[in-house]
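Common to both upcoming complexes is chain A, partnered first by chain B, then by chain C.
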Partner chain A sequence: MSAHSVTEPTRLSKSIAAVLVAVYALITLLPLLWIISTGFKSGPDSISYPPKVVFAPSLEGYVNLFTTRTRIGAEQFAALPPPETWYDRIVRQSGTVIAGQSRFGERFLNSVIIGFGSTFLSIFLGTLAAYAFSRFRVPLKDDLLFFILSTRMMPPIAVAIPIYLMYRELGLSDTHLGMILLYTAVNISLAVWLLKGFIDEIPREYEEAALIDGYTRFQAFRKVVLPQAATGIASTAIFCLIFAWNEYAFAVLLTSGNAQTAPPFIPTIIGVGGQDWPAVAAGATLFLLPVMIFTILLRKHLLRGITFGAVRK
Partner chain B sequence: MAEIVIRNLRKEFGAFTAVQGSSFTIADGEFFMLLGPSGCGKTTTLRMIAGLELPTSGEILIDGEDVSQRPASQRDIAMVFQMFALYPHMTVRRNISYPLVSQGLPRAQVQAKVAEVARILGISDILDKSVGGLSGGDRQRVALGRAIVRNPKAFMMDEPLGALDAEFREHMAEELRALHDRMRATTVYVTHDQLEAMQMGDKIVVMNHGVVEQFGTPQQIYDHPASLFVADFIGSPAMNFLAFHGAVQAGETEVDLGGVRLALPEVQEAASPRDLVLGVRPEHVTLSDSAPYRGRILASEYLGTTQIITLDCPHGRVKARAPSGQGVRSGETVGLSFRAETLALFDAASGRALRTAANRGVHHG
Partner chain C sequence: MTDTPILRVARATPPPLARRLRGLSDRAIAWLFVAPTIFLLLAINIFPLIWTVRLSFTNYAANRPGREVEWVGLRNYERILTSEAIWSNMQTTAHFLFWTITLQVILGFALAWLINRKFKGNDLLTTLIVLPMMLSPAVVGNFWTFLYQPQIGLFNYMVELLTGTPASSFSMLGPGGLAKWSIIIVDTWMWTPFVMLICLAGLRSIPDYIYEAAEVDRASKWRQFWTLTVPMVLPFLMLAVLFRGIENFKMFDMVVLLTGGGPGNETLLASIDLKREAFEKWRTGYSSAYAIILFVTVFGLASIYVKALNKVKER
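Take a look at the complex of A and B:
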């Protein structure tokens, strides 16, 4: 059936389509489901072969994610008072005791600050720049737009060494501000181009009506243009956030103690006696949540946004 | 309400001149039409008056004050856009109240004014709807409501009926004119429809290629076009043109068309031998067997009470408006007589109407 078919889809073709979509969704979601389920497995279950699809759920991975543990001698272990909390109990089962908090919470918070901070900054600057490019006679407009885009023509990591040196010189290495600025610099070209497209589609008459109704240019921008660009802003924000949230290479290179984000941290979660897969999976699961929630919240806009205004009225 | 004076107004977009030195005056309370074909600079002129476009040179005086370099928000003018430009993310009520909110009016007063405007326009029942689903007529009314709600100095309307279908247009045109008659607000109205301009306007400016061709009342413009362009643009069917070569002296009351002498209003300026054009409206042509100027009937078009007869004459095609009862046979050769006092004489090269006793006092651009 062609995309331009004018006949109503039959019931059969509808059910075939539904099955195809379900199968496709299953295939793409399988790794995700695997990660989520691994997060709830016990250590031995997570590496058993053949892999276990049905297993006794355990919060061990999550507890391990947020704690550091040590193994103590058998006598000492026996002499311990009974566990006080549910997580103490889980840890005891593997013959260890909690030694302290892990740094996951901190890293996660860093990711939130840097990811959302740079997204906000990219959108803020991008919207203003896109509006100016869309509405005003900017000298050398086309050249500037090309120049802005050209920053994306090489992989950002190609400039890693100069940035590393520059950041060290400026004291921006391993700081939140440094990472926010860096991700903003990478994202802003995308933001300006996407947002300019969306703003171009908003007829000028709306702002002009507002100007005539006694509003200043900035008020017209805020009260009339912004609400109508909401779709574009939302979808651009999602793209920006996904990049900043998942960025790995710069984070490895430029952050360590203070401003390290979750992506370089998660793979380094090592349990007592080898890679702690349930904890890694638990970390990955939690790491997924913010982007997922953000996307779901903005989904209504995103679906309209990624058609790039083709059906906007 | 206000008087608007336009002096030598000019607008260039890069190398292109959209408006070249317009001058005219819009009296207080007038319904003023900016008329011309597509691309002649009507919208540009209107936008300069509203403050959405700054003129390259020239003056715009509103109530005697030069506002030509002021932003739109400080001119106290309301505008109805061609596609209405209602704020799509607001309800009808918010759309109409928006101009008042910018003035910081208290809520109760805003609500009262909106209610009053809605009553005048008959849209009280749709105030809480979103503007998305409204019909063309209702959108039009909301746009008008947004314009009249704050008592501006003047209204600008850019082809406000252009987006409506033909049937509804007539109705809205009447409604608009009635509204104007009630409010007596200075209104500048852009249209390319000469019938609309003639029906609704107190005064008309006819523009072409950025130049004001003529400025006057509908009757002056219809009866005494200042140029070939205006004569051709106004009226349906347009004025007939008989092209001939000749010279005229001041004081003459006849011209010679291929040996036939035709009377016309006394010419008041001399013209050396050159290409001239005699203009006559179809309703001022009568067919009579005795007339010396002859033409062959090509066709006739039945219009109910009248018919339009097309004739082939030695100096060009002529259309005559005649009672539909008059029997005509195509192919027949008949005489044509023209009502002398209505004739106009144009210089073919410049297109300008020569001064005669009839068109004295007509404003050229």
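Take a look at the complex of A and C:
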């Protein structure tokens, strides 16, 4: 095996590498494929031994995810009118009837509201700060930038105690606004560092030309810098969104009913005698899929985002 | 400076026009732009941190706001630093850190090195490998409890398929000492791609002409690898270790949902223990001191490490 030939690795070494990496990719994807397929299994199929690879697809998991069900007496059950909808029919098969809607929809919506809200705020504040750090002589610039970075090193639980107390005082616990502000504070360090890198790369000459043409600083910022930084802003936004979307520690400590997001909710989906795995898998699939899609779309900008801008391709 | 052209134009124009040209002074704009960020960080990061420090000297309990709060001086710190339970949690954390970082560095570097062959389709495979890292650790950690079920779980089944060990003969999450490894496996599965991506950036930053020169000097491939590739990737690798170290020292979500610190206290990482003290036993003052000790430890270790990293970079 050659480490590096002068110009190109040999054909053989390329093929060996391709096979090894493909095997790793297959192993690493297996749990994800298992989540997706379990979502389409019926209850008994999901817990069969040996684990079923081929099975009759069922929407039971998805129906259970969105509903709550009760078991009723055999006589009552027999007296029911025939099921009206496809989901009624699925639920009846396991001897239960639909009692109402589950909270999954609400929790998912909370994740959307808090995710997008905090992303918007982080990007708005982060772009302003990054522009100032990039273009002006801010006193103590390096110290401030390091300060912004160091806030990321704190274990969430270390600040969770006073935030919990503070939010209780201010009436922000279990509110969307409270969570949006909190996630913005966590994300803004990433946003400022990444965006500063992107804005640094835009030549100053463009703005200077605009200023000479009679633009004010604000106008130059809005009409010259922002359009140039659009790609950078978009990829930073996705990273902020993914963080807020995935966050669990603060969500589980600071929210309970009203503003709870999906990550603390999904693990609490219970069926008869333990977790209802098809329903958990269905919830996980719906929750993880958007991130998978974003990751695939974003692959070119990935590195910069996850390394805080420390590594640029 | 940036304002020279503006000033030049401003000086040459009559006052009202100059004002319109300049708008707000650059200094004012700079402050206006930076202030909200700094304010937010002060309010939601620094102020709580100072508050934690203050609480750490008291016996405050957040579930009993009416009770009188006493100053206890350094007693909380003393109790934590002499507690055997906490030292054992620190060891659990260290075990987790050591093995996750070692495995991720080996696997991540190997993968990057292979992907750097630039075979056909390497882009697609890289993207697929990266997926686990982007997903919610809580949701994924929860699902792994299903994969780890002794009878029906996919993990045990695969082990049986590959090694012949009966699937029901061991339980990754039960007693028997395997739980420690169960969290290491999931973390490695999730975060190896992170180390891989950074190593890949390192490998791609090495210019071809260096290898060409080595080839002219007739250095063997083996020698090229150890004297060129490794030293040039080292700063990147160290950066990856720093990020992983900080993140895993704070590890909470994935492990809490996978093992909850159990069985017994086998996987009780420091931050899970901290959460129990703070939000289940409601020993707010005590857990504040605990939080400060953890924060100082991360910060201290990270600073020493960054110094070492800078030395490597200078070389």
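A few points about this structure:
We take it that the second predicted complex is superposed on the first by the 262 of 313 C-alpha atoms of A that agree within 3 Å, B and C clash if a C-alpha of one lies under 4 Å from a C-alpha of the other, contacts with A are read in each partner's own complex, and residues count from 1 in each chain.
The rule is simple: contacts are C-beta pairs under 8 Å (C-beta built on N, C-alpha and C of every residue); 3 or more make two chains touch, one makes a residue touch a chain.
Values in this document were obtained by computation on a predicted structure and should not be read as measured data.
In the superposition on chain A, A:Phe147 makes contact with chain C only, while chain B stays out of contact range.
Once the two complexes are overlaid on the shared chain, A:Pro227 sits against chain B while remaining clear of chain C.
By the touch criterion stated above, A:Ala210 is placed in contact with chain B alone, chain C being left untouched. By the touch criterion stated above, A:Ala99 is placed in contact with neither chain B nor chain C. Once the two complexes are overlaid on the shared chain, A:Ile72 sits clear of chain B and of chain C alike.
For chain A, the partner that touches more of its residues is C, with chain B and chain C as the two candidates. Common to the chain B and chain C contact sets on chain A are residues 208, 211-212, 214, 216-217.
Across the interface of their complex, chain A is touched by residues 1-2, 5-6, 9, 20-24, 26-27, 29-34, 36-38, 40-41, 43-49, 51-52, 55, 62, 107, 111, 114-115, 117-123, 125-140, 142-147, 149, 151-154, 157-158, 167, 189, 192-194, 197-198, 200-201, 204, 208, 211-212, 215, 221-222, 224-225, 229, 236, 239, 243, 246, 249-250, 252-253, 257, 271, 274-275, 278-279, 284, 287-288, 291-292, 294-295, 298-299, 302 of chain C.
Touching chain C in their complex are the following residues of chain A: 1-4, 6-7, 9, 13-15, 17-18, 20-22, 24-25, 28-32, 34-35, 38, 47-51, 125-126, 128-129, 131-133, 135-138, 144, 147-148, 150-151, 153-166, 181-182, 184-185, 188-189, 192, 204, 207-208, 211-212, 214, 216-218, 242, 245-246, 248-249, 253, 262-264, 266-267, 275, 277, 280-281, 283-284, 287-288, 291-292, 294-296, 299, 302-303, 306-308, 310-311, 313. Across the complex, chain A meets chain B through its residues 203, 205-206, 208-217, 219, 224, 227-228. Contacts from chain B toward chain A in the complex involve residues 50-52, 71-73, 76-79, 81, 83, 85-89, 98-99, 102-103, 146, 150.
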